[in-house]
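Next come the structures, one after another.
Below, chain A partners chain B and then partners chain C, in two separate complexes.
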Partner chain A sequence: MDAIARPPRFLPWRCYLLEAGYELLRQLREPAFVLPTLLFPTAFYLLFGVMLTGNAANAQYMLAGYGVFGIMGAALFGFGAGIAADRERGLLRLKRALPAPPGAWLLAKMAAAMAFAAIISLLLATLAATLGGVALAPGQWLLLFAANVLGVLPFCAIGLYIGSLVGGNAAVAVVNILFLPMAFLSGLWMPLSVLPDIFTRLSPVWPAYHLGQLAMKVVGHDAGGSTWLHLGVLGVVTAVFFMLARRRLAAAA
Partner chain B sequence: MDMTARHETAPLAARLRAPLARLQSIRKNFGPLVALDGVDLAVHAGEVVSLLGANGAGKTTAIGLLLGLLQPGSGSAALFGQAPGSIQARRRTGVMLQDGGVHGDLKVRELLRLTRSYYPRPRGLGDCVALAGLQGLLERRYDKLSGGQQRRVQFALAICGRPQLLFLDEPTTGLDIQARGQLWDAVRALVAEGCGVLLTTHYLEEAEALSDRVVVLDRGRVAAAGSVSDLRARVAQRRVRCVSSLDPATVSGWPQVLSAARDAGHLEIVVREAEPAVRRLLEADPALRELEVTRAGLADAFIHLTRAQDAA
Partner chain C sequence: MKRLPEILGFTILAGVLGLAVALQGNANEPAGEGDAGASPAGNSFAIRDARVFDGERGIGVATVVVRDGLIESVGADVAVPDGLPVVDGAGRTLLPGLVDAHVHAWGDARRDAVRLGVTTALDMHGMPDRLPQLREERESLGDTGQADLWAAGYAVTAPGGHGTQYGFPVPAIDADTDVEAFIGERLEEGVDFIKLIVEDMSAYQGAPALPTLTPNQVTAVIAAAHAGGRMAVVHASTLADSRQALDAGADGLVHIFADRPVDQGFIESALAGDAFVVPTLSVLASFSGAGEGSGLAADPRLAPAVSAGQRATLDAVIPGVPRSDRLGQALASVRALHAAGVDILAGSDAPNPGTAHGVTMHGELELLVRAGLEPAEALAAATAVPARRFGIADRGRIAPGMRADLLLVEGDPLSDITATRAIAGVWKNGYRIQRDPAAGAPQAQLPPEDTLVSDFEADALGAAFGSWQPTTDQMAGGASTVAHRLVEGGAGGSGGALGVSGEIRPGFPFPWAGMMFFPAAEPMQPVDLSGRAEVVFQVRGDGRSYNAMLFSGPSVQSMPATLTFQAGAEWSEVRLALSDFPGADLSLVRGIAFTAGQPPGAFEFHLDQVELR
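Then we have the complex of A and B:
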């Protein structure tokens, strides 16, 4: 028996990489996810941020807003609808029975959401720099990119909770009901100052408002709130929804 | 032999005797519904144990407990002497669940690659393909496969980690006869290598073809347990078929007759002892022809056992 060649060494972390790679591949193979996720923010930005305004200040403001809008969609739909569908198909049950490390699928989904956020961020930056005439310092480009990529986390958590609560079709509906009004009420599409005052006063309730403010702070268009306050709210939202979702998923065998 | 065997210190004989999977005095409720009520079950290396029972008898609950997907209300569940659900136990276990749970948008090759990456000493890709009969399917997307092909992929995923213990929850549902035979051959090959198998099935011929031991569950209780021949002997039945004008209702009233029915022009009766019944049949109907006496299969034994529970 010792004459037999030793099998390749077992590398427990290898399955994390495969899991993340295949999760991204799965999402890329789903046109109903890829097309709206990538097209909506870029097309809207091109239309409202570049073509209809024609001034660089507006193009800057909207670069930040549509970036947050885009990554929020990727995270909410990827997590909310994705996890609800996986749960319905018994996928999470099988993963728990297989020796898949606990949480590998969750990290894989987070990595895929970040990859989509990176793609959206780069697409918008390219449009802004070429057609929109937006000129930012290298540090600003980097910060905006970081805000978009890391900004998926609170929305992953919210999506995870939705996905743990309802089935696949209902999750798409719930995410839609949440997503578009929240983007609007958080001032991602147009400044809240053009709306009645009540909307401005209500805005700190929405997680998307806080991420939007962080992104707008990078390009100098925020309302002047504290960076730490925004980060704190987003951190709390992330932690609370992850914990709520964990409880739900652990209870549902 | 097993490469890990060299690292284990327990004497070989003791390891072979110790069950790979064990349920002891398990009770499990889902709300007011009692799913399992005092069930004992053990699977040893190199044997196939079949869990038989109607829908809702508790088969899938028993597997869920052994996989650590469910927690028992009382009693104990153990895999390899440890609590089920630990990653060490899961690395020695292969699973084919009833509801599949496979990424539909991945190709078969990708699914195998991912699942093999969870295990320390996975089976080679070619072996998996040959054992599960996946030739020509590797580049196909899972959701584009037929139901039977999907079931074979699930079987390949269950065995790709070279498990010492295999859980197959109704593995041949949706398979054609040829594919079913191929899966049975693969299970026999694994068992010959020392793998223990816990199988649930609706198909009695499957239990009969594969099992060393059969456990019949009925509404959460073990109605019977033993080898296929034990079980058959416990309900020593014969099946008598003939063409006769006798009324089944009359015949079923005779002593020794367990049941009588008309089936495609034939009178079919199940009896404890064939000879007295045949003698009486011939007396009652001189025109009787095409008389045939067979030993009852597991199906008859099983039906009788669960009916006896109903009557009690």
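Then we have the complex of A and C:
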């Protein structure tokens, strides 16, 4: 007898893809989120990296720094505030109840964050190449792009942890107080040598410093630290915060 | 217990971040801009495991130890002494600092050149006042931060000939000049070699003809130079003129002609006289419209060290020159000369349009390889060969006892000559050169004790220190003109004064024309005048209102601070307090100009007794 209907083939990857697609769509349908996220680093770079800068060497340094700044913002606000809001509204609990693979919503959000990072990176690169007078080898452009897109991950992890810790309102405030000082003290906007000594010495505490140094290595303006050190710190930060956040979110009802 | 993973997680994080601070925290100090690892601030260090090109050939991977600005030892088995900072040379090549065999250096030229790895240059036409100071600088092992210069002083040319159009008066040789006495004067000024200009513009279609030296004069000048113990090198643009110069005994040619291909007779003359050739292919490329300059400016390996000024001259185009195959002909000539064994030297002729100090040498090396030289031969043409031909004993090679003028590049220029552009480090006298064009503020010297700058009593225009030059808005696109002469009847009954006359014409929004005083040995170099209170001078003129413009500050291009004064019919004293010049930086004064401004029209005034009290 062939009356037993075959269950439709279960394609796990299609779930992830669908989830990611819908997550991206959902974010894009909120212009009040999309536009500032994309335009803030672009406008900042246009002002400080293109118009107020002297020579091409500065413009390269600025491009590396503002690229990291831009994707960091997208990750922290998108993840941190976003996850906190979703958690508050009970969406995470709903998603857990759905017949989707357990990690799909998280991977979907990460994919959306990487997509935003890619767009920001491209926007800045276009501005730099056309208006900023920055000339890089094709390999360098690609490496910078990769550093930006992959570099969202540590900040997604931090954002996730913040989102798991506090409610929606508070999350925005917490991210703000973390985001701007970290960007400033990591040497993303101006060389660390202009900061007081104590901040210069403590700068490797910030994950943004390490990602910034990797981006500057591509354009040759870093402080000479070891690539493995930077990658190592970013890796540990990503792992620790993901683990802790996962624990929290799994435990939270 | 519930919090244990959290505490554990944060402890791990704290540990890792603490480690990062411990390892990296000091690296962000302002002094540490290490693109080649450790950045030694002194002049003793070692470079380990780099491929070494010693000026003549590659000697393989070796360690080089520098002590007190001189190379102490070179070798594969040299041990690095304890306590010396070490620069990692793995995957890199160490070259002697490059020698640019044809430049015209003023302003930031020497600083721009050294950032790009050119540590020595040969200046082919300029004012002789700076010659004593140039000699002192190249004998010093101090942290000069700029390329050393050997110079020809005034190039020898005909009245009104090529070389006289650059805004400063050039003594010339005409039919009646006593050549031996003329060359004697040049030797007294302290020139390092004699350069002749044989140029009637016949090689350049459409250019107006210029008067130039006759063959007899060329022969006489070269003989006098040799009698005085100096080399004689010749600028010539045609095969005929170049051949004549060689037959008259010239030691070298500082351009390759491109009007016709080289012939066997020329090669034999060159070999017979053991003459060298500086082909300056880069400027020929610029003349043939090849766009090499812009290509160099856009090379990402060079970009971080290139200043806006260098970029401007690289992108500049010689106006109205038709595209031609000058470069092709020149390459063919160099190929033939090199194959026959004539010494070829690398020179840029910077800063002509399409070239820039320092940057163009990298382009010139590539052009020499295109002309048939092996990369090692091209590198030798930019290091040991010019040092040998010009008798420079302490540089151009990497060997014990040589000066530590060094260029470290990523990769291997002996296989790919363009690897010279990937600069990992430059050292001058053993001191590291900063790559950033904005770094390295100019050293402002103190002026000599004299308060009197000029009283214009002598037969020629001069000053107790510094120099005078005419200045007009033509350099900014205007149309005003000025002429100066020494006139009789100075202030207070003295013998002479400086007469300045000309016309202000509309063209530039802020027109000016007049004379400028440069207090330093080189025009626009800074001098510290903060110990002086006022500039005092005597003036008379046509009743117009005139301007005293003070140029100062860290940038050569900043706007001057201006004060006005009147020039009445009788001599009157004008005292301008230096502190009254709005916004002036008295510790970095580059020039004081006395000029006419608006309204348009003719002007004339006389200056005398200029003092800085």
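Criterion: the second predicted complex is superposed on the first by the 242 of 253 C-alpha atoms of A that agree within 3 Å, B and C clash if a C-alpha of one lies under 4 Å from a C-alpha of the other, contacts with A are read in each partner's own complex, and residues count from 1 in each chain.
Here, a contact is a pair of C-beta atoms (placed from the backbone, for glycine too) under 8 Å apart; a residue touches a chain by one contact, two chains touch by 3 or more.
Predicted model, so just to flag it, every value in this text is computed and none were measured.
> With the two structures overlaid on chain A, would chain B and chain C clash, or do they fit side by side?
Once chain A is superposed (C-alpha atoms), there is room for both chain B and chain C without a clash.
> Can A:G220 be said to touch chain B (first), chain C (second), both, or neither?
In the superposition, A:G220 contacts chain C only.
> Taking the superposition on A as described, I'd like to know which of chain B and chain C A:G90 touches: first, second, both or neither.
A:G90 contacts chain B only, not chain C.
> Once the two complexes are aligned on chain A, which partner has more residues of chain A within touching range, chain B or chain C?
C
> Which partner chains sit in contact with A:L202 here, chain B, chain C, both or neither? Use first/second/both/neither.
Only chain C is touched by A:L202; chain B is not.
> Looking at A:H210, would you say it contacts chain B, chain C, both, or neither? Reply first, second, both or neither.
The answer is second: A:H210 touches chain C but not chain B.
> Please work out whether A:A100 is in contact with chain B alone, chain C alone, both, or neither, and reply first, second, both or neither.
first
> With both complexes overlaid on chain A, does A:L165 touch chain B (first), chain C (second), both or neither?
A:L165 contacts neither chain B nor chain C.
> What angle, rounded to a multiple of 10°, is defined by the Cα centres of chain B, chain A and chain C, with the middle one as vertex?
Given the fit on chain A C-alpha atoms, the answer is 170 degrees.
> Compute the least Cα distance separating chain B from chain C in the superposition and give it as a whole number of Å.
14 Å.
> Hey, what residues of chain A end up touching chain B and chain C alike?
none
> Touching residues of chain C toward chain A in the complex: what are they?
Its residues touching chain A are 5-6, 9-10, 12-13, 16-17, 20-21, 23-30, 32-35, 37, 39, 298-301, 303-308, 311, 435-438.
> Okay, in this complex, where on chain A does chain B touch?
Residues 1, 7, 10, 14-15, 18-19, 22, 25-26, 29-30, 89-101, 253.
> Where on chain A is chain C touching in the complex?
54-57, 60, 135-137, 140, 187, 192-193, 197, 200-205, 210, 220-221, 223-226, 229, 232-233, 236-237, 240-241, 243-244, 247
> State the interface residues of chain B toward chain A in the complex, per the touch definition above.
Contact set of chain B toward chain A: 1, 3, 64, 67-70, 85, 87, 90-91, 93, 95, 97, 99-106, 110, 113-115, 117-121, 161, 167.
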